[in-house]
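The letters A, B, C and D name the chains in turn, as written, and every chain counts its residues from 1.
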Amino acid sequence: MRRATSHGRFDYRKSWHKFSRNYVSVVGLGVVLLVAFLAIFASYVTLYPSHAEFYVNFPEAREPPNWAHLFGTDQFGRDVLTRIVFGFRYSLMMAIVVLSLVVAPGVVLGLVAGYYRGGKVDMAIMRTADIFLAVPPLVLALSICSVLTPSVFNAMMAVSLMWWPWYTRLVYSIASSLRNEAFVQAAEIAGASPFHIIFREILPNCLGPILTKMTLDAGWVILIGASLSFVGLGAQPPTPDLGTMVSDGAKLLPEQWWISIFPALTIVLVILGFNLLGDGVRDMFSAETV
Amino acid sequence: MRMSTFVLKRLSYTVFVLFGLSILIFIIARVLPGDPARLALGPRAPDWAVENLRQQLRLNEPLYIQYFYWLRDALSGSLGVSLVTRRDVMVDIQEFLPATVELIVLAALLDMALAIPIGMVAGRRANSWFDNVVRVLSYVGVAVPAFVVAIIFILVFGFMLNIAPSIGRISPNIVAPPTVTGLITIDSLISGNMVAFFDAVAHLILPALALSLGLIAQEARITRSSVVENLNKDYILSTVSHGVPERLLTLKYLLKPSLIPTVSVMGLDMASLIGNAFLVELIFNWPGVSRYGITAMLRKDLNAIVAVVMIAGIIFAIANIAVDLIVAYLDPRIRMIERAA
Amino acid sequence: MSAEEILTVKGLKKYFKTTRGIVKAVDDVSFSVMKNETVGLVGESGSGKSTVGHVVMGIYGPTAGSITFMGNDISMGVGRRPKELKKRLQIVFQDPASSLNPRRTIGQILELPLRVHHLAPEGKYAERVFEMMDLIELPREFAVRYPGEQGGGEKQAVAIGRALATRPSFIVLDEPTSALDVSIQAKIINMLMRFQKEFDLSYLFITHNLSLMRNVAQRVGIMYLGKIVEMAGTPEFFSNPLHPYTKMLLSAVPVITREEEALKPEKITSTGEIAGALNVPPGCSFHPRCPFVMDICSKVVPSQIEYKKEHYVACHLYPST
Amino acid sequence: MAEQLLEVNDLCVNYKVYEGLLRVLNGVSLSVGSKEKVGIIGESGCGKTTTMKAVMRILATNAIVPNGTIAYKGSDLLKLGRQELMRLHRTSMSMIFQDPTAALNPVFKVGEQLKDIVRYSEFTSNAPNRQEVRTKAVELLKSAALPEPERILDSYPFQLSGGMRQRICIAMSLASAKDLLIADEPGTSLDVTIEDQIMRLLKQIVEDRGLSVILISHSIGAVKGFVTKLYVMYAGTMIEEAPTDELFSNPVHPYTQNLLKAVPKLTGGGVPEGIAGRIPSYLTIGDGCRFASRCRSAKESCHVHAPPAFDIGNGHRVACFHYGDI
């Protein structure tokens, strides 16, 4: 209330305009919303909710796509489409858990290192981040998972453990260049505290890239999760995880192609959705072109 | 001259980072829950056997002592015994590494050879039908994971085209050339064995394409957008306004600056290339170090896991140094102005 | 002049270490600013004029020399200055596009100095912000807008408002209008001149624009490669320039009217370029470009002398007697 | 009127952007005679550079030219084919950009760039001798008063100072500008003593070679001693046109009057008020006089109709309905 006069209103109409001027962003938003809707209401929207986990019906196994089973059935007679929809739950959960664990510490470390650029704090944080970034993310995730008991939860922890430096590096590059900007100097001259400068002056300028990266990362985290379970180091059967489904079905290629191909294409769809959405988020934060 | 200091600085930092990485992965392998010896021998092994192995692996010593011994051995060429193959991990790596290098190098070459021309043409003819097709394909291409491409390849070539998917590095009925470099393509060329060469290439092409497709999409997109951006830059307009012929303008004055962002991103993309190799080798049953690594991970073979992660880190570092050198070649400002440390 | 000195700079040096050597951005600069006075500092890029302003503000601490402000020593970075003094000393930066945070509203920007120094009772900040906006002639509804949506003139007005918020006694104006068009520049300059009278302000006005300087400053100093080569009261400075560099600059100023053309000194054609900061010529740093160069110029650094009353110059053409 | 080299008539240029259509140039006309020196002044964003890019046919890819003709040596530049345009670029007209740092390709040596231009502009044969090209390039650098031309040919642009870069751009233009030289704020990004040197160099070159020149500037003083005819632009329109002395002694358009007053004088006397407000947004610009929103003498009709250019004698034309009363 006391600051009601000076806070900028978030201009929804303008932001939506900037977001939607590229129609593919809207398509991306649609895909993500659809996937989220299906995941939340999986038990209601699927025809065979009981097929999600442990269920065996050999007489109906390996049926190619038909009207009863649009995406066919797997080697245990489970409806592939039903399992895909339940798989969305694990995918989205993976993205949500990892990002909520990773973004805040990663961003704060990047801000602090950028603010104290050139000092010992900067050295310590960024060198550590560089070490984590010295090996391809999937390889690091695989190796962390390999020493843990394979499970969805451990996969989430493993991915979280190695994902923070990407945010640190992103924010660091912005923060350390803003450190010399006149508006930061002006705040220092006004006598503002480092806390104010880091979180009120610098952070708001990093939000666009952070949110864009979060949106894109949601897709990549889901992919890494699927890759882990594809290899067998993530979710374990009978968990309906997209990666597990692809790897189970891959053994039956090429004859029973639908068991692996449909979950695989769904992974593509989800990543594509988040990628397109991310482009829209980037547009939303872009400067005026006029 | 100054180029050498640039390379030297870059190299010494790489060594530092790899050293840090070895500590990190060592800690992960030792500190995370579970007794490595118990993991290796399985739950039914008697306690005395586990204790023996603990002694042998020096697991009872403090962590930094363990690391010291590991580092000393590694520098003298031993990475410890693999619990699975019962050989020194170094020997395993020597056997499996060339196949992976062959695959990754070909994928990177395919990536550059296709992405750059596609991006250049699309950018030069922005908003043409070709550009629109490229843009749609690159949207999708970026989103398709390499292992999905690999599976689709197996489906398409095995099921729809009825060509048995090429599994492994060389057909069993063909005699492999004598090992010189370990890269079958190079070795067969050296020995003049063209049959083996074409067979090896036929085996390479699908996994390499599966690995590079996403990158091609990504880099074509970046090349396109930097071409479009540069087309409106004053230095291109000025070259146009002096009547320099279009081909020279595109292939010289537009190409070189436009490549800088593409090549820079390639450094990051090498990460996904190396990471994806783990999955693609598994699917194509490619006898490389990545497939070896996956096996080690599934069997909790700690020495092998540490070694494979370090190998991935080293390949990634080499790729990044190569990328930095190419960027420095393309951009004299990076080559000649020392950035403030 | 018997007026009270508000700022005294003595033997100020600011060196920067770079990978290729030491840059002497400011090298032994002394001057003072009286109460209610505007002192102009003119120079081309690389002359170190902005660095002087930044060191005075404490954006970085000096390498050597002293800065005294209202009787207090402030030869240190802003972080170590007493809060009370920070309030009295403000700056307006060259480019308002970068000195105003694009992600903070104009209201938030104006409110920050008030809050830091607790200049209003809780709940009264909005009112004070509105008063500031009236002062800089911005409509009150702009408080919730972001600087990016405004024109250059409005943005610079906000930057001036922020500098005024703590009721300072001294403001460094670091090329406050060089990013603006002339028609906007005039408006901003008039605003600054009005505030100077209204709030008893002293200015250190840094610019490369000599014509502008003529109209705003009481005293003018001219800088070349980190040194003040000439300094005098404005009328004296423009009617009787001494240093060859001053004459060269004045000859090069583009002018509109015949009267202005007549004011220019004997024409000294501009030659050469300012040397790189890393290889400053020995002796007088201007000697490679000087039409009156003598043997001594490349060997001995000329010291500053008071050639006439209140007219200082550092040039071997004017030996101290 | 004498035979004109360049005649721009009623030129309009729009830019397509995400937000809609930017209607930047609206009915711009200007003419340049043979060996005539013409200046265009106006503040940032008034469309000076867009006009010149249209003349050079190097407008950005999102630009649209819905209306207007650009007659150059009798043919309409806007209808010229690629080959003919390239021939003109090589042999007849050239442009110097405002920022020499941006106008030189950062990743090629000066010699590479200059020699490629020389190869196609100065030689008619397709494969001139390398040595000839180099000699010619050195010669051009010398005529732009650059010391050590050999060293400069072997340098990258970022290794040289701003003044040297602008001289290189001038040298490049000398290769291909045999008739018309367009100079877009050639001194603005430079220090005042360097700007002075560049302007003197340009003046000497233009006079020695008998070129026609269009000099663009936002600094009124910089063009004054150079050109014989001045155009004043505001928000994408030509608002006043007069011989230089006439314009300075008798400015008629309220914008020109205020602009001249707003320039601080070396003789002192304070700074006048300036002009309130700012240039209107090209996105939402109306049909009326584009200066009306900032004009103290604007009447209601000014906001509705755009004023045509009224000829008031002495080659003085002004686009203002109230030119008599102000």
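The criterion applied here is as follows: a contact is a pair of C-beta atoms (placed from the backbone, for glycine too) under 8 Å apart; a residue touches a chain by one contact, two chains touch by 3 or more.
In this text, all values refer to a predicted model and were calculated from it rather than measured experimentally.
Of all chains, the one whose CA centroid is most distant from that of subunit B is C.
The interface with the greater number of C-beta contacts, when C-D is set against A-C, is C-D. Per-chain Cα centroids separate subunit C from subunit D by 32 Å.
A separation of 55 Å divides the Cα centre of subunit B from that of subunit C. The centroid of the Cα atoms in subunit A and the matching centroid in subunit C are 50 Å apart. Subunit A and subunit D have CA centres that are 51 Å apart. Across the assembly, subunit A contributes 288 as residues in contact with two or more other chains. Looking at the complex, you find that subunit D touches subunit B at residues 53, 56, 58, 60-61, 82, 86-91, 94-95, 97, 99, 102-108, 113, 116-117, 120-121, 156, 158-159, 169, 172-173, 175-176.
Considering their complex, residues 43-44, 161, 163-164, 191-197, 200, 218-222, 224-225, 248, 258-276, 278-279 of subunit D touch subunit C. Within the complex, the subunit A residues that touch subunit C are 2-9, 181-183, 185-192, 196, 200-201, 204-205, 207, 287-288.
Residues 126, 228, 231-246, 248, 252-253, 256-257, 260, 330-333, 336-337 of subunit B touch subunit D in their complex. Interface of subunit B with subunit A (complex): residues 16-18, 20-21, 23-25, 28-29, 32-34, 139-140, 142-145, 147-148, 151-152, 154-155, 158-159, 270-276, 278-279, 282-283, 293-294, 296-298, 300, 302, 305, 308-309, 312-313, 316-317.
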